[in-house]
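Listed after this line are the structures, all set down as structure tokens.
In the two complexes that follow, subunit A is the common piece, with subunit B as its partner first and subunit C second.
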Partner chain A sequence: MSNPLRIAVSEERGDVPVTILHLTGDLDSKTYTDLESKADEALTKGSSRILLDLKGVTFMGSAGLRAMHSISKKLKSGSGGATLKLASPSDAVSRVLKTLGFDQVFDVYGTLDEALKSY
Partner chain B sequence: MSRGACGAWRLKVKSQLDNLGRVRDFVSGQVLPDDLPGDGAGEFLLAVDEAVSNVMMHGAPSGDADIEVQFTRDPAALSVFIRDDAPLYDPTKVEGPGVIDSPLERSEPGGFGLVLIRRLVDELSYRVTEDGRNELVLVKKRA
Partner chain C sequence: MTMFDRSAGAGGVSAGTTERALSPGEATAVLRRCDFFAATSDSAVSALSAVAELVHLSGGSRLFEKGDAGTAIYFVLDGTVRVHQGEVVVGYLTAGEVFGEVAGLSNEPRSASVTAESDARLLKLEQAAVYSVLAAHPGAARSLIQALCVRERQIIDEKFDRIVRTRLLEHELEIGQKIQRYFLPEVLPEIAGWSIEGLLKPARQVAGDFYDFFTLPGLHRVGVVIGDVCDKGVGAALFMTLFRSLLRSAALRRCPAGGEERPPDPAEVLRHALDSTNSYIVTTHSNSSMFASVFFGLLDPRTGELHYANAGHEAPVIVGGDGIRCRLESTGPVVGLFEGARHGVDVASILPGEMLYGYTDGATDAKNALAEQFSEARLLETVGREADVGAEVLPQVLAEIEAFVGSVDQYDDITMICARRQSTPGPSGPLEG
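So, the complex of A and B:
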């Protein structure tokens, strides 16, 4: 069954602040702009490190990759020059990343904890 | 959703992104657990989603075109026929990025949909139907 996309936002205050976007549902051609908008909100508020928690993504199309690509470029062009990090990708996310070779391009971590420790 | 005379299943939707989930539900509901090995079912669903998304976003973005999705199964393969009355367009003639060397350096982040389709199905073909519609056929072999 298709599932609406929901995005929850949390902040991790460790050695460096990290904004985490927790995605659940379908990231497709209709909803990818929701992800871009949430990331834009975080960037506008001053976030320089964004981590996507992807374990709850039930479907992802190339539009999801388009959103990740866009966020990554904005982060890199910012003053911090940070990279977008991806945590706990679901099978739906891994399918797209691996088919197009993006699993070797993005920083992908098996768990949220591993991703947070990498900062 | 309706069943045709030859046992093919069809879904008709308007060319609106709100209907993408219905298309996925239709296709995933037709594929049986032992139809395709490995991740084949997920791959086929992704390829169909990309093809229908292309029609909705680029072929008929105004949303007034009709899209028909037909699913068929035979011993050798699963097939999905996507027919629409948007302006005629053959996506199989589009040259996508072949080898994606430095994906994050691409200035335009789109354009991966056709690459995905080509990599996830065994056959991809296009024709204009007798009544003048686009018809894209995606075939996934069962073994």
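So, the complex of A and C:
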């Protein structure tokens, strides 16, 4: 029924190091804890900037947004005080972000390059 | 007498170093200490140890898979093995414990997989060798049957215990479900010239969705609410009761019956209800990251005027004879997450013959066996069609969703509300309910 969530992690080592979590599949009540766990791993390893690549997200449920908010809070309370950034949402995911007002709180970029340049 | 020394691993995985084989005396001592052979004669145990094989299993390697044909019994000499079904661990076994005896003596498929948690050494008794020893030692057969009966008794006791605990949990959830129903309006307001409907079909015993209709006599308005708490299950249900109660309480406190000569501004009542609820959740429950999308309207049944704030909820619609006339889009973010969030208030009107219809995403996201969603387009097309019929709308819409979904399990709560204004204006009386 649903597409399992896969999360690949990559590091962008520019002037400002950024951890990118590339998501593929459904981000919903069954999978959001996987995203939280991956983000926690990155934070534990010292990442202070996390970017979510949403290009492969096929379904975004409210529980996924809950996970994003939770990650965002942890990032803000960290030493870097960084905000969570989102890249490449599909039209359907963009609509969810907009309807629930998350586009006003998170920085959302059309492409991964645009998001990386913003750091 | 020969004691085999064998390495084993799953899928051809090599299983570590070979160590000195156990002597028959050592093997006998091991089997003697095992409860499984407590009633077996010394001579039978000695015969069994003579045919036992020593197996080395390196950490992480698989001994057998669930479903494999069972052909042997195993005893843990040292190390730890994990009994599991896929990713779910059933238990861990250490020195002195026996496993695989049911499938191993019956050729039945293995009921679980076994993998070495750490490097482990096992004693293996092949089925044929066991039966051969039992044929030569009739008394041993009886003791083995008794040992199997003891194991069977343990399994039955555990199963009964699980059933009792599951029933207790189900009973608790049933109580929770009943209590949660009291957080939905027991009786919908009777409003002359209007028909009001609300429907909630939870995906599990308890739901994170909610709806509410309540009169605000001091304002001569009807509060119309539909909301969806993020996530599902018990956690969402707890927050559902909180959101629903805070919103209703905040609105009512702003417009007490006969409390003021001049009624309060509906827009101000809505802003206060949403902003104060948001503020409370953000400051008191910030660690939970729980939030709700909420549509909150204040309907004047005399004129059809509807003040509303939409906090991140799917846009309710006003449906007329020509279909969807108006979408009541979001006027602010969801409630409970963002400190200082402010919500705008818009005004719409429901004309005679028209209907306000609101829903949660469980209706649009419902999937059939082909993983196709019911979709907003299909939902609104259905609503437009049913709005013309005249009977209750929501049960008909739900029936269409259920027909589309078929036998697929319901994934999310489905909640819908509607307020239909009759074509012919009815007498305007005091609000009740």
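The rule is short, and it goes like this: the second predicted complex is superposed on the first by the 117 of 119 C-alpha atoms of A that agree within 3 Å, B and C clash if a C-alpha of one lies under 4 Å from a C-alpha of the other, contacts with A are read in each partner's own complex, and residues count from 1 in each chain.
Here is the rule we go by: contacts are C-beta pairs under 8 Å (C-beta built on N, C-alpha and C of every residue); 3 or more make two chains touch, one makes a residue touch a chain.
All values reported here derive from a predicted model rather than from experimental measurement.
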(request) Based on the superposed arrangement around subunit A, label subunit B with subunit C as either clash or fit. (result) clash
(message) Quick check on the superposed pair: does A:A92 touch subunit B, subunit C, both, or neither? Answer first, second, both or neither.
(response) first
(message) Between subunit C and subunit B, which one touches more residues of subunit A when both complexes sit on the common chain A?
(response) B
(request) May I ask you to decide whether A:D26 touches subunit B, subunit C, both, or neither, giving the answer as first, second, both or neither? (result) first
(message) Between subunit B and subunit C, whom does A:R6 touch in the aligned arrangement: first, second, both, or neither?
(response) neither
(request) Kindly classify A:K117 by the partners it touches after superposition: subunit B alone (first), subunit C alone (second), both, or neither? (result) neither
(message) Applying the document's definition of touch, where does A:K45 land relative to subunit B and subunit C: first, second, both, or neither?
(response) neither
(request) State which residues of subunit A lie in both footprints, the one left by subunit B and the one left by subunit C. (result) 1-2, 29, 59, 61-63, 65-66, 69-70, 73, 99-102, 105
(request) Under the touch definition given earlier, write down the residues of subunit A that touch subunit C in their complex. (result) 1-2, 29, 32, 59, 61-63, 65-67, 69-70, 73, 98-102, 104-105
(request) Going by the contact rule at the top, pick out the subunit A residues touching subunit B in the complex. (result) 1-3, 26, 28-30, 59, 61-63, 65-66, 69-70, 72-73, 76, 91-92, 95-96, 99-102, 105
(message) Going by the contact rule set out above, which residues of subunit B touch subunit A in the complex?
(response) 17-18, 20-22, 24-25, 39, 42-43, 45-46, 49-50, 53, 56-57, 100, 103-104, 106, 109-110, 112-113, 115-116, 119-120
(message) Can you tell me which positions in subunit C touch subunit A when the two form their complex?
(response) 228, 230-233, 286, 289-291, 293, 311-315, 330, 332-334, 337-338, 341, 361, 365, 367, 371, 408, 411-412
